[in-house]
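Just so it is clear, A, B, C and D label the chains in written order, and each chain counts residues from 1 on its own.
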C-alpha cells in the first residue's frame, strides 16, 4: 500500500478527484433525476462531447475503461469476428479476458516494438486464416497514448485508418489517455480521433481527474451504433445515477479542463525524465511523450524506492519500471521522487 | 424527463446522494491512493461490513446492481448450471440477459403470486430435467425486499435456505433493498441474511443514498469465493478508484445511516399508502411493506399525474403503476403527490 | 439399457439406420473428397433440398439437432436478443442451455397447454421488458411436430408467422420431426414450412432413419444467412467428411423415402394407440398426431413394462410416459408391446 | 473441388472410410439401441480405450476434432483461466474461435519455430499478467503430431508435463494424429500420452480412417472430469446414435488397425519425400516425421499441380504447401503426384 504521505507514481488512476470535478459532482447533487441517462446532465454532457467531436457523435457513458473497451467493441463485433490489437494493449493484457468472455470474439495480439500498430503489422493477419476456419478480423484496436507511453502522429493514424477501411476493418481507439495524447501533439481532440479516421473512441475520464466514468464515442455511422444501448446495459455498464458521470464529463470538457489536467501530467513526466535521465543506474527505456516514464534499474534499488513511493514493475524480467504522473503530481513530488531514486541507485554503487 | 422542481416517484435510484455520503466522498478525496482496492478506505469498509455480517464475510465492491448480481452468481456457477429465480426477479426482468451472456448459465424463471420463492415452487424444478440434457440447478436467487415491494420473514428465509442446502443449492440474495427489508422487519442486517442461511448477498448502496456502488458478500465458505476476484475484474466491475465506493459504504454502515435512510423511505411509502388508499379510482394492489406502493388506476389519470411527477407504469396491460419513495422524499412531497393523484383521478369521474 | 432382443419405444433416435441410407453411405465411400462440404455429394444434396423448399434455400448440414437449433438461431440472433419458445421446446428442456452458453441470448419459455405457440401467447412478451433493460425478442421458435406429439395446422402456422413478421420477429422451426408432421398433414414439406411463412428450419435426419446429420434451411433472405458459415464452424458443427451427411440427405429426400419412413412411424403410433386406448389403467393423455403416444399409468406397471421395453417417463410427477415409434418399428413390435402393457396394468388390478 | 479420379493430398480427412470401419458400422446397425451412449457398443468401446490407456481413463466421444478440443478444455477451464498453445495450434488457427465463444477463456498463442512448446516458451507467460488483471494460465495445449508434421519425443513430453504440473498447469493433447505420432515413435499409444504425463487427450478418429468421431480421454483425475458430461452435451457434441461412433472406435483400436492405417499414411509421406526431395524447384521445409510433407515451390507450379491434385497452400506468403497422405493413399498415387510435381516445376525452368 501507498504511504499516504507520498505521491503515487503507480498510475494516473491513483490520483484524487480534481477540484472542478468535485464541484461539478456537488452541483449535480440537486434534487431527483430520472435514472439511466434520461436526465438533463446527460443531455448537456452529450452536447458538450459533440462540440468536441462533431454532431454525429453517438455517446455512451460507462463506469470504467475495461467496460468502455468491451462495450464499444462488442457493439460492432459479431462473436465470430476478431480484434487485431498490439500485444501490449490494455485490452490484451489488463482486462482479464473480459472481451472474450462477454463477446466470444477472439483478440489477436500482434507483437510490436513500441506498442503501435502499422499497416505492415496488420497485413499478414488479413491473409492468415482460411475461410470459415478462422475468426474474421473486423476491428483494429489501438491505444492513444499507447500503454508504453508513446503516441500515434496524425499522419500515422490516417494511414492506419485508411488501410483499415480499405480492408473493411473498423478502427477502435482506447482513449484512456487521449487527453494526454492530444495535448502532447498540440491538437484538438477531434484531430487525433474522428478527423484522422477513427470509428470508435473510448474517451477516458478516470485517468484525467474524474472519480469514475468513461465515454464511448461512435463517429458518424449510425449502423455501428445500433447495438450499443443494449450492449452497454448487458455489459453491466449502464449507471443508474448517470448524472454523476455526465456532470463530471461536462466539467472536464468545458473551459479546457481536460487539457489543463493532461498538460500538467505530461509536464510532470518530462520533469521526471529530466531529473532521472542522468542518474547513473537508471536507463530510460522508451521515449517520454505523455505522462509515463519507463526505465530499467537495479532490482534492489527498485525495492528501496518502493519503500517510499508506490509504482509498478512493468516487466519483471528486466526489470523495467513504469512511473506515471497525473493532474495532481507536483513539481516538488517529482523532485522528491527523483532524489529518492538517485539515493537508492547510489546505494548500489 | 422529470420536472426538476418535483420529486420523482420513479425509483429509489432517482434520489440525490445523501449528505453524509457526500461528506465521506469529500473526505476520501485526500491525496493519492493505490487503485483496485489496495487502499485504506477499502480495508476499513470491508472491516465495517464484517462487523455487520461476521468476520468470515468476503467482500467485493462493484459498480452497480446488475454487476453485483452477475459477478456474485458467476463466481459460483458453472456455465452448465442454472439459477432458479422468480419470474419477477430483477435478474430476470431488468438485466438484459447479462448473466446469460456473461456466464452462459440459464436463468429458470418461476411464476409466483407475490415475487417470493417457496420450497414448493422450487421442488418441481429439481425433478425436471433429465440428466445431462438440462442445466443443473445450482443457485436459488431471491430478492429481499422483493421487486413487488414484499418481504421474506426470517422463518421463510430459513425454511427456504434449509430446503436449498438439503438439495445442494446455494442461496443468493439480491439485496438492492436489503436495508428497507431489515428496517421493515426491525432486525439487524445479518438476521435477514447470513443468520437465516443465505450464502451470498448483494448489498445495495445506490438505492439507499449512495452515488454509486454495491457490495457482494460471501458468507463463510471460502471455496465459493475462489473465483470472485477474477470474475469481478472480468465482469468489468473492478473500480480503479475503489476508495470512492468503499468510503461511501463505510459511512452508510456506520452510525446507523443505512437504517435511518431506509426507515425514512419506508415511512414515506406508508404515508403515501395512507394518502391514496381511500382515493376512489386508485386500487392499491400489493401489501406495502417497504418503500414501494403498487396501484391500478385509469390510464388517462396516469398520464395526467405523469405530467407533474415521474414514475413507471409497471404492468402496461392493467395498467398498474409503481410508486417508490427514498431517503430524500419528504412528507410534503408525498402529500403533493397524493393531492395530484386525487385530482387526476377525480378528473375521470 | 435396452434388451437388444426388443424394440425400443424410447425415441425415434433409438432406431437403426434405414437400409437405403446405408446404401447411400456405402456409395459415398468412393475415393477421396475434399472436406467441409466442398464435394459433389454436398452439392447434390443441397440441390435436392432446394427442389423441396425452393431455389433460394440456404442449406447448412450439422451433426445433430441441438447443433442445428443453436447454429440456426445464433446465425440471426444478437446476444442481446431473445428467443420466445414454448416451455416444452427441446431448445428449452433438452439442450442443456447450449444456446445461452454459445450465443449468450436469453430463451424466454412460454407456458402452453399443448406445446404450441399462438399469437396470444406471444403478445404479452412483446409488451413486457422496458427498453434496454430486457433482451429484445427477435425469434419465435416452434417445433413441428411438437415435443408433445402435436401438430400445427397450416393455417395456424400462417397466422403465427404473419403475426411474428408484423412484429419484426423471425420464425424458426425445429423440424427434428418435420417429416412426421408433413406426412400427418398430407402435405409437401414446403407447405408446412417455407410456404407457411417460416424463416428458418432445422430439417431432421437422425430421427427419420439417418445415422447422423441434420440440415439447417434458411428461406429466401440472404441477409439472415450471412453469419451461418462462421457460426456453423464456431459451433463445432462443420463436418470434416461432410459427404457422409450429404449423401444420407440426398437419399432421404429422393424417391419419397422421407415420407415412407415417417408415414410408417406415424402408422405404428396410431396402431399403438388403438391397442392401448381401451386397456384399463392406461389413460392416453394427448392427441396422437404423429409418432408419439403419451399416457399415464400406474408407477409399478411402468416399472414392469420397462423390464422388457425401453421408454422414458416423461413427467415423473404424474407419472406420464412417452412411447415413440419409428421407421423400423413393426406391427408385431407394437402388438407385443401392447400385450406387455396390458399384462403389466392388469397386474395392478 | 477435387477431381474424383485423383487422390487428394489436401488432408487426411479427405480419405474415404476404411473397410474394417465400414464393416463395424454395418455390424452396429442391428436393431434398436438406447441413445446418447447408454448402449453396448459404447460400453465395449470405452473398455477398449481403457485397455490402451488404463482403467482410470474417462472417455467421452464427440463428433469432430474442434468439438473434442473445446469440450475437453472447457471441462477443466474456468472462464477466467487461459490456455497456452503454440500459435500454430489447430485450436488457435482452425477452430474459428470456438473455445473463446463457447467457454469465454482466452487462448494465448505462443510463437514457436516448429510448432512445439517447451518449458522455456511457457515460462515468460507464467510471470506475465499481474494478478486479477490477466486470465490465469491453467492448461497447456499441445498437438501430437504437431500441425507442422513434427513430433514430441517422450522425453520432451515428460519434461513439459512435469514443468506444467509443477506450475499447477494441466496438459491437454490434441491427438487428431496421435496414431501417426505413436507409430512414428514406435511406441504404444499410452507411452506418448498418459504415461508421459498428459492429463487429457483428444483421440483422433476422423483422420485415421473413420467416417466421423473423436474421443476425449481424461487420465486418472476424476475431479477434472466432473463437468465433462454436461459440457459435452452443452457443446453440441453428444451423439444421439452414439453406437455408430463407438463401434468405429472399437474396431479402430482392435487388431492394431489404428497402427496399420497410421503406419501406411506415414510410409506414404516418406515415399513422397523421397520422390520430391531431389526435384529442382521443390524445397522441403520441415522434417517429415508423420504423414505431412511441407515444401515451398513456385506459385505457378502450384497452380499447375492443383489442376490435377487437391492440396492446400499452407502459407500464402512464401508460398509453402502442405501435402498430406492417409490410410488409402497408394504408392502409385504418390508416384503419380510426384511426377506431376516434377513436370509442373520443370515447366518453370
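Convention: contacts are C-beta pairs under 8 Å (C-beta built on N, C-alpha and C of every residue); 3 or more make two chains touch, one makes a residue touch a chain.
Keep in mind it's a predicted model, so treat the numbers as computed, not measured.
Path length between chain A and chain C in the chain contact graph, taken as the least number of steps between touching chains: 1. Using the contact threshold fixed earlier, the set of chains in contact with both chain C and chain D is A, B. Relative to chain D, the most remote chain by averaged C-alpha coordinates is B.
Between chain A and chain B, the superposing rotation on Cα atoms measures out at 180°, rounded to the nearest 5. Two copies of one chain, chain B and chain C, touch each other, and the residues they use overlap strongly: the shared fraction of interface numbers exceeds half.
Note on chain placement: the centre of chain A and the centre of chain B lie 33 Å apart, centres being C-alpha means. Separation between the centroids of chain A and chain D, computed from CA atoms only, is 41 Å.
Averaging Cα coordinates per chain places chain B and chain D 50 Å apart. Multi-chain contact residues of chain D, defined as those touching 2 or more other chains: 79-80, 95-97, 101-102, 104, 132-133, 135, 230, 233-234, 238. If touching chains are joined by edges, the resulting network of the protein chains shown connects every chain directly with every other. Only residues 79-80, 82, 93-97, 100-102, 104-107, 109, 111, 124, 127-130, 132-135, 312, 316-317 of chain B touch chain C when the two sit together in their complex. Those residues of chain D that touch chain B in the shared complex are 36, 74, 78-80, 103-104, 132-133, 135-136, 227, 229-234, 238. Those residues of chain A whose C-beta lies close enough to touch chain B in the complex are 1-2, 4-8, 10-11, 13-17, 22, 25-26, 29-35, 38-40, 63-67, 70, 95-98, 101-102, 206-207, 211-212, 230, 233-241, 244, 310, 328.
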